[in-house]
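In what follows, chain A forms one complex with chain B and a second complex with chain C.
Our next item is the complex of A and B:
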């Protein structure tokens, strides 16, 4: 006699809309539970830790402005990743493009800054940073479009090159980017006209609103324009695209270049914002990689990325503060990010399958 | 006619004896948003039996078959195998119960070879694949059922007919006892259908069961032991006993009226040349797919291209549509050259094209009907969906497309309804007024009522002066519609004849490569 019940996974013919929204939410909750178990097991108080994180990340004035400030760059790298992912192109080199955005932005700030007023300089830094990000992805985009070479490998490898380049610019004696007369190698501050001042006494810069507007614009672009339409056709059926005369090569190029530019923009916001100079500390922060997670949690929905970007920023800010205010290691914040990603990916199963227990019985003849 | 009944059966029909059915569905229902695709359907199949599901496009046949093989799960009711209730939670679970389905829309991996596709999903594979022995085994299975196929060919390069064959071989290879064939003959030529039916007989002799879905009533009469008619998701009729009915009865049972699929030809003398093809050759990877093709199609004329799948029809159509560049030769549409100018240029010259492959080429599955209508049209920088919506609604009505409205996703349409969307778009004109209509297998997968409609629309287009190139493996269709028939064999025109005086035997022989003469 086999077991009277069996748990079966049934493929859903249709994913209800509410589930698409619910799954990311539940993933976050599940990650919190998992984190609590871990904290308790290692002898920390889960409730205290979470309360601290919540306060420091979201609920205090200082915390929330810090979070929104950090989210600026995460939303940028998030939309950069999502923009390519939605066409089944996997630009995972946002990290490297971000470095290039910083380099490009810093160059503009240093070379042109002294000669130009602020209202020209700020947009210029952002544009040149974006352009540098696009340049950095040009070769992967080109070989992907022309030869079909995997962009996953090329964009990732170029990240290492970008990281070396950044360090080179800071460490080389007499480098244009390097601060003079300082023993320890570090970047030179950009001209004042290339630096924004934060809002009030916070670390939140006006670029946050620019980036949020940009995410909403992309949302509209994909849903409503001819360009977005083409992306959808190619993503779903390349053969239909060919049939309709939609050029996959051209669109692949544009999407990849835009993706690189968005990541570069992220780097440039750091130059006009909190960094104001080339800083090799950026290579330890992983903002570009975090963008992949931000995009995944939002399932490549540009409006959703605003939310997930802020959420991740809050976790990081809250995590950092923990280390300072209590003895809880700050890595709890990073761990939570990983857990959320895992649960979000696992949650896909619930979107696609129905899970139910079935009674097994013979049919009477 | 005596054992034909229109009443809804009260329970699963048993052909006698106490032996349990090989497979049965007990009042299964399946609801999709906005439509009850199956409504308390009872169905059963005995060992060694061919049981046909018949019904209009969107009647729920594929849905029922999908529940029988584990692809969908019933919302209510249940499935039993040999009288034992089973839960088929996935196609793999179905396969473990010896149930396999050959789908209407193929589920093959284009980039894999035939053999790789066939073994895909097999559980007992060694870690390192021994390709040679796998290729041999696949060939063996294929040939033992008279379905020869090259196991090393890449599926993406195969014609639809050949892909179909791969699907059937795959099911057989996996040891299916019950085979669900969803419109398997839609893409086969008569000789291939005959072969398939021989295999079906061989399989039923061996005690296997076949659930057969087809819109071709002649075939249904020929092969079925029993027929169940579905309409709007409900069982509306049964016929049992081989040869107990004829096509007229079945048509009436299905659509509730008589169907007339008579011959239709150009009513007035044809005008200028619209399509001119001069010495077109096409070489793909060193193989001559088309060699020295020359012919014209005139205003108000329908030229039919007959031939067995894989003789260059698909490539010919793609070349005319600007999707492939001919190796040599020239093509002009409406007097302007279209050689090597790409699909958009061809459309601007007045081309409309219904490709052989509807979902994935003609239509984008994840897009709505509305967005699919926009695929071959001019789109503004900001896509203006609102202005196309009324037209979409009108086309849905005109073509009797069973859908919840313009926002219904293409992949959620039944096979025949997807085909109707494609036809609706291409027949309703796009960038410019249509001058040349290239249609491949336009009625494949349509129910008899819809076939009647589409043939009328094609005839209307012809009467309106459009030049039509009808490429079809359905010889009957070509014989009854085309003003001129060309037979394509191994990439060359093997035979040419006026439609009026065409002899089915001669055309059939040319399709099989038995004659090379051009007559007429």
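Our next item is the complex of A and C:
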């Protein structure tokens, strides 16, 4: 017997404002409920876990400042991903470009730091880090623009190459980046002039405000300028753009290079901020991958990325402390990031379509 | 040069290639039906830890294998629900699956950290045949899953290019509108092959764990094999037989750093060696996308595009 009704998707002409706000909110809640069920099923206490994550991530002074500090790099990799995603270019190698940003920034801090004052060095580290990130995406951007090679796989593969490169710079005995006279291989601290101090007794660095300002600037750039308009046209219809005399190749190149530079900037903020040296621990943190989630949850809206970046930073900070305060494995934090994104993607359908069940007869007529 | 090391390393490449063949075949079926699932890496990890935990607690490798396959299909089911039924962006959904799967695997794997499994998949023995110098260990010294993977690839090729159902899969990936006008359900076909693909990826993940790694290590078990499998599908032009040769080639490149180290060939710094397979894959992908070689590739034309009947 065929089903008595079927599900019909009707494209909404215009999405009501309340839905745009409500759907992400409900998605996050639904993911939290699913997470709670999962925790209970695997024998951990959901209330303890969530309460601790909320306290340690958002509600204590120590927690919220740490969250804002961590959000700095996540907002960077978030805007890096969004900048390419909005043009249907999928740079998912932000992780590798972030490593290069660290390498470039550390090089500047070590080689130039001793000779230059702080007000020159800090911007210089950020610029050189961004430049290194752009260099790392150059080949994927070039072959994408010229040959049409899918940037998804090429940018990702280069992340593994970047990771080897970073480890090489730290582990090679006479490496420029390696700390001397230390038995365990680790990076050499950059010059004092290349490192900022945190605000007060927190782990929040002034770069947070720079990055937030940058996200707002990009929001303006995309919504209000000719360059932003060009990106929209190419994203919507490459052919129309071609006839309008917009060079898709050049825009593809510049969007991807800027995306790489933004991820590189994220790496450089770690050099002037919490790390102050090249550190192979970065390869276990996945800040670049998290940026993809941050961008997707904000639907590539640069202002929204500030919010989702802080939300995800809080999940991580709260998650990291879980193993100290409870017996829940800290990876619940990463898992919840993925779950929230999956639920948000599902919720998206309810924002874009009117979904109704109709009787089969009505369809047949 | 010690020729024994090279022979052993070739046999090892075949073992790595097995994971690649299974995972890439999973991706191939999914993509042939027009669905791009980038979540392979997360699915491999989840299946790997599931199979480890089940095999460890039941003492049966095959029970672990089965649960690994099921988990692969379940995660693929999430992708199918989101992208085929709810028409979400396939790329973002796949990436979400990678992050979710990685977190899930590490969460579940926490108690098993550093543990070694007692029972693993043993290579088959063909008696004296396996002892033939030279080709013996390579041709007759593999485990049953490796032979099964090769068989699946050959059957997959026959199925896709010689049967009516295979034609329907390929048509769904190339021209879903025509399939729809024939009265077939594009959604059903896409969901079915996304699930089948997930099961194959799960098989690969379980094999990788039970035959090769045998010890669960946080955050390092599959180490990008899922992504290499995705490139391999492009490299093989979405053809199962070509995929076998590609997998052996990639498997050899993945194995090469260890062999060179064993041989103490050090013209490349050892920390840089692990980047070789990724660089080789990158170069292969770029070379294959030159306009002159693109038409021999034959990507499914509707790959990654959700099918919406109303828009025709």
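The criterion applied here is as follows: the second predicted complex is superposed on the first by the 341 of 365 C-alpha atoms of A that agree within 3 Å, B and C clash if a C-alpha of one lies under 4 Å from a C-alpha of the other, contacts with A are read in each partner's own complex, and residues count from 1 in each chain.
Note that in this section contacts are C-beta pairs under 8 Å (C-beta built on N, C-alpha and C of every residue); 3 or more make two chains touch, one makes a residue touch a chain.
Since we're looking at a predicted model, the values are computed, not measured.
Residue contacts after overlaying the shared chain place A:237 against chain B, while chain C stays out of touching range.
Contact with chain C, but none with chain B, is seen for A:92 once the two complexes are overlaid on the shared chain.
When both complexes are overlaid on chain A, the residue A:226 reaches chain B alone and has no touch with chain C. In the superposition on chain A, no contact is made by A:51 with either chain B or chain C. Which of chain B and chain C touches more residues of chain A: that partner is C. Common to the chain B and chain C contact sets on chain A are residues 9, 11. Touching chain A in their complex are the following residues of chain B: 18, 20, 26, 32-33, 71-73, 78, 80, 83-85, 87, 89-90, 321-323, 342-344, 347, 353, 355, 357, 360-367, 371, 374-376, 379-383.
Only residues 38, 42, 78, 81-82, 86-89, 91-93, 95-104, 106-108, 110, 219, 224, 227, 230-231, 234, 269, 271-275, 278-279, 281-282, 285-286, 289-291, 294, 308, 310 of chain C touch chain A when the two sit together in their complex. By the touch criterion given at the top, residues 6, 8-11, 13-14, 224-229, 232-233, 236-237, 239-240, 242-245, 354, 358, 360-363, 365 of chain A touch chain B in their complex. Against chain C, in their complex, chain A makes its touches with residues 9, 11, 42, 85, 90, 92, 139, 143, 147-150, 152-154, 156-158, 160-161, 164-165, 167-168, 171-172, 284, 289-290, 292-293, 296, 329, 331-339, 341-342, 345-346, 348-349, 352-353.
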